[in-house]
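Look at the two complexes coming up: chain A is in both, with chain B in one and chain C in the other.
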Partner chain A sequence: MAEPRTASTPSTPAAAPARPAERAPEPAPAGAPASGAARPPLRHRLAERGIDRMLLLLLPAVATLIALFLYPMLYGVGLSLQPRSGGIFANYVAFFTDPYQSGTVWKTMRLALPAALFNVLASVPIAYRLRGRFRGKRLLTAILVLPVTLGTVLVADGILRYFGPRGWFNRVLLELGLIDEPLRLIYNYWGVLFSLIITGFPFAFLLVLSYMSGIDPTLERAAATLGAGPWQRIRRITLPLLAPGLATTFILSFVLAFSVFPSANLVGEPADETRVMAIAAYQAAFEKYDYTMASTIAVLMGAFELVVIALVLLWRGRMYTGHTGGKGA
Partner chain B sequence: MSATGTTAARAAGPAPGFLRRALRAGPYAWIVWGGVAFFLVNLAALILSVVVNSFAVNWFDSWLPSAFTANWYAEAWREFNLADVLLVTLIVALVVVALSLLLGVPAAYALARRDFAGKRAVLLLLMLPVLLPPITYGIPLATLMYKIGLAGSLAGVIAVNLVPAMPFVVLVMTPFIEQIDANIESAARMCGAGTRQVFTRVLVPLLIPGILAAAVLVLVRTVAMFELTFLVAGPDSQTLIVALYSAAFTPGIRAAQAIDAMAVIYTLLSAVLLVIALSFVNPTQIVAQVKEVSPE
Partner chain C sequence: MSGGVVETVRPRDGFHALRMEGVTRRFGSAVALNDLNLTIKGGEFIALLGPSGCGKSTALNCLAGLLPLSGGSIWLDDRRIDTLPPERRGFGMVFQNYALFPHLSVRKNVGFGLAIRKVPKDEMRRRVDEALKLVELTEHADKLPGQLSGGQQQRVAIARAIVIRPRLVLMDEPLSNLDAKLRLQMRTEIRRLHQSLGLTTVYVTHDQEEALALADRIVVLRGGRVDQVGTPEQVYTDPVNTYVAGFMGYRNLLRLPVVSRGGDRAVLAEPGLRLTGTVREEFTGEAAIAAIRPDDFRLARGGDGAERDGVRITVEVVEFHGREVAVEGVTETGRVIHCRLAERVAPGDTIDVYAPPERVLVYGPGGETGE
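Here is the complex of A and B:
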């Protein structure tokens, strides 16, 4: 009885949901005990595990991701194990033995970690000031979030003009007599770091602000009633509740900063000081046409990033992760 | 103390709340506001120097250029084929939004309503494209696309942009759908609504705010997505940001002012999108929605 319906549904998944759930508690059909006493139909057994026709709605999305993401990733891993010469790990050995290549790991981390850390830590006091409701909050938030739309190229362009030796920044410092000759802030590490902060800060701030608004303000008031001073309230109430959110923000900021590519090329020193992994991978693929090496670097890039994320998550796992009592929780 | 502060503020007229707060706050608050002001002033000057340069006839060793002109905008428009580039940007962004909503919203519905074996694996599959750097999967994906001849075409650009956009829609929409009481759907069914009717008459109207928010955010992200588009785009399928990067990366061929003019056009486009986005979405709330499905 059940078979024809199952067979007809894949063409009309729209008719699926809810019915299997209604049917699940029914006893097995009368004919069943004769054939196999303890075996309810497969469909029912699957439904008990939450697998029913509603999951067909997931199918297009999952299939798309498998085709466009998972398969290419595995293809890339496979490609990285088929080097042009040598054994299957020859590419990985080549990467780690060549300081010009393996140095990119350190150069990427040296940019991404401080940028992400700065963006998160700078957001905390500002978000703390901005929590709660007051007039102008929306305007100020919008101004702080605006740089999200600037895009890496405009920021890079602006950094070249503004922080350049003849830019306004150096001019003001020279006029004030703070420096004797222009600071060198572009085409090196600092230019890239600035661009990562300008593009990454608004994003980190937005996240931290939303976590901060999610903390129930009455908790702090209760602490104040019990005699806690402002610093104690921040250190014992707000920060512990905020810490897991900060970890998440750090991860997402780190992901953004880790894939730095355009700014490292435009305002950095892509041949040396800011030759990050993304540049190395791009050069291998589209300048040397060595797709196996490019895939190797891409795989390593993902691996190194996931290691950092895993470490942060481990640390986060040791903290309080319950809800924070506020509207956002 | 605070009484005089508030009266002063009241006397000065309707000062915004954050200014009033800053005025009566202690030294610690002054440091914070000073930092914010320093950041904003530098940022404004940074943007302004691009804008000024885009109007400059010549700008070398001086505070301001000697003469101004608007010709660079006309030149940028002609030289970089901006009409075509903008059209491509628009098509790519809108198609990516439409496809990621079509694929993502049903998936988000299934994830919000069902607990099933393998759900964690599906969630991981959705999370990875958001977490991994685009270059990591972009390079193998581009390699494959060059192999099957999709690279350089509009379809290829749309396909790569779907990879981060569609999971993003799912991650934003799942908590939205979880908020909607499943009993409403059951009630509609009791009253005789078919699944199609439940979707079109009950769910979609309730989900419109979430769908709009997700759509606008995907639009903004797709317009700004550089790496993936850059890896697969050909001369006829590059979006504005890729055209801008190519122009900026090969300096000397074009006048710097024309590149700046293009950058200003790009910023105006994104700013318009952001303003539209902010009128639909409260920025802090949308992140709070994302937060619940953030990695654990």
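Here is the complex of A and C:
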């Protein structure tokens, strides 16, 4: 905070932290006596509108956002509109007319949507049980969250061993006589889905748990005294208050799952069933060296995500999203 | 208020008596409520009074079914109810933070219990309208709770609890989040509803004034045990021990040497102080505690017939309270005396005050004096 000291005396840089704020308005009246007593100093008028030195705290974030996000994104959009041949939309036309490329949209959706949905829905009962305080909550939460710290590669390795034809999962089912031959659960759609669930669940769970903790537990108790049984309390009180949080969690989980890349390669079938959009973009960029097409696919990934997000937000907009009475709200 | 309102909101099935027998609740090794025995008659207004941690909220939650009992039983006439879940007890409860459902309109909040009971639409509408009228919130029916003031939210909470025609209304410090003026207003409102609807109410509070003003009977709790059960008059004028006395505004609790005993009178004295009091608690020994309310002190004038009794104090602080002043003074032995006097005195004055023997309550030396 060295820059904003222009107006005040530079001789006391070590003044108590509270003082510069008190003293700050002083130089302004001295500098603007001509404007008359009726008009408060400019600094005050700006502060009334929320413009003061505190805004400088935003500077690093804004700079980072522009340099590392906004500029590359606009650059990518520009790149996608400069195809190697044809008009400016030629890449987009090519993507949608080639089933090999356009099919990746569906392949990505059918992985990301169920994975995000499952992660959100599976989090609800667990978070419901774990809200409030009890012994061992931190340990249990830590165990549930552990997979987030594991890399995708480690998870993929685990999946290959566990769900493989000779893995425990199949061996148990075979021993129990539930199946006659091993289920094919790796190097295809299922492997990638399991991977997305294992790595995405902790994230969704933590979010849902914090939303759940934000709901005042007295509300359910009040509903109970009014005659509502356990299921009615959940359906009429907890779920409606939780739903906006679930929508948000779903969006974030979906975005995470939509950009799936490593596990689609490692435990999926990247040539066919799990050739997701990220793989298509990667191949365009690093196998065909067509950066314009890669950019096009990346832009389309964003566009399809935005469509899903918009639909969810539209649904969320119809819900009560205010105060839920708890400490977290 | 029209007669119709009373008829539709009045509890359908009353009861003769609700009995709590040896109700005990432990949290781990801590005993929050120990062997509470209490019979509540239908139509009665009971206040559970005590400081935080005395077990009053625990008792209420046990009644509501929100906390299982560690021991004892609760009976509604001949039916044992402590094993029923809260939703099957049919008691209305008003929570300290109101616990209004934030996503439902005022109308739906009030109608929640009726919707759960699958009351037909027209009847539900009529009863909700009447309950809202009763608490004067008709024009706010379609707002969300967040758009209401604290007092209005409080009234929604009350309407929501009484619209189901509960056999028993439980209130957990319902006024503690309101400002002073509103609190007085709502206090009258609660008593009015209780009387006009013939409700049976159990009311938890830490405010003795609230308890005295509202209740037919007061239960004073301390550390999970009952110290005294009685009418406001009994508890106020005749507390059973110094703890209850202290809670009832007997600010002067003085541990003093006993000079003489005769019948139910005792004389306590030390230099600069002599009090004749009424013995409330048997004791043996040389010392006892005198409990005196500040407003029972009078300024002693020469030849007032109180020349032998009296306390000489040097005035230290004088607070203006309109018709009276609240005086804090010290005796020559350094005891702090609180009194309320009609006369104007100034800090530094030396005055003599006395209290009539029937208003000086003498307890055994073992009690609490808050010193």
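The working rule: the second predicted complex is superposed on the first by the 272 of 329 C-alpha atoms of A that agree within 3 Å, B and C clash if a C-alpha of one lies under 4 Å from a C-alpha of the other, contacts with A are read in each partner's own complex, and residues count from 1 in each chain.
Keep this in mind: contacts are C-beta pairs under 8 Å (C-beta built on N, C-alpha and C of every residue); 3 or more make two chains touch, one makes a residue touch a chain.
Predicted model only: the values in this text are computed from it and were never measured.
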Message: Both complexes share chain A, so when I overlay them there, do chain B and chain C fit or clash?
response: fit
- request: Going by the touch definition up top, name the partner, chain B or chain C, that contacts more of chain A.
  value: B
Task: For A:Trp315, select first, second, both or neither according to whether it touches chain B, chain C, the two together, or no partner.
output: neither
Query: Where does A:Ala294 make contact in the superposed view: on chain B (first), on chain C (second), on both, or on neither?
result: first
Field: chain B versus chain C as contact partner of A:Leu241, first or second or both or neither
entry: second
Query: Touching A:Leu206 in the superposition: chain B (first), chain C (second), both, neither?
result: first
Field: First (chain B), second (chain C), both or neither touched by A:Arg221
entry: second
First (chain B), second (chain C), both or neither touched by A:Trp168: first
- request: Could you say whether A:Trp106 touches chain B, chain C, both of them, or neither, answering first, second, both or neither?
  value: neither
Message: For the superposed arrangement, tell me the lowest C-alpha distance between chain B and chain C in Å.
response: 8
Query: Which chain A residues come up in both lists, the one for chain B and the one for chain C?
result: none
- line: The chain A residues in contact with chain B across the complex are 14-18, 49-52, 54-55, 57-58, 60-62, 64-66, 68-73, 75-76, 79, 122, 125-126, 129-130, 134-137, 139-159, 161-163, 166-169, 171, 198, 201, 206-207, 209-211, 213-214, 245, 248, 251-252, 255, 258-259, 261-262, 265-266, 277-278, 281-282, 285, 291, 294-295, 298-299, 301-302, 305-306, 309, 313, 321, 327-328
Message: Under the definition above, what is the set of chain C residues touching chain A in their complex?
response: 64-66, 85-93, 95, 97, 99-103, 112-113, 116-117, 144, 146, 160-161, 164, 170
Sites on chain A touched by chain C in the complex: 216, 218-219, 221-229, 232, 236-237, 240-241, 319-320, 322-325
Task: Can you check the complex and tell me which residues of chain B touch chain A?
output: 14, 16-21, 25, 29, 32-33, 35-36, 39-40, 42-43, 45-47, 49-50, 53, 60-61, 63, 102-104, 106-107, 109-111, 113-117, 119, 122, 125-126, 128-129, 131-144, 159-160, 162-163, 166-167, 170, 185-186, 189, 194-196, 199, 220, 224, 226-227, 241, 244-245, 248-249, 259-260, 263-264, 266-267, 270-271, 273-274, 278, 283-285, 287-288, 291, 294-296
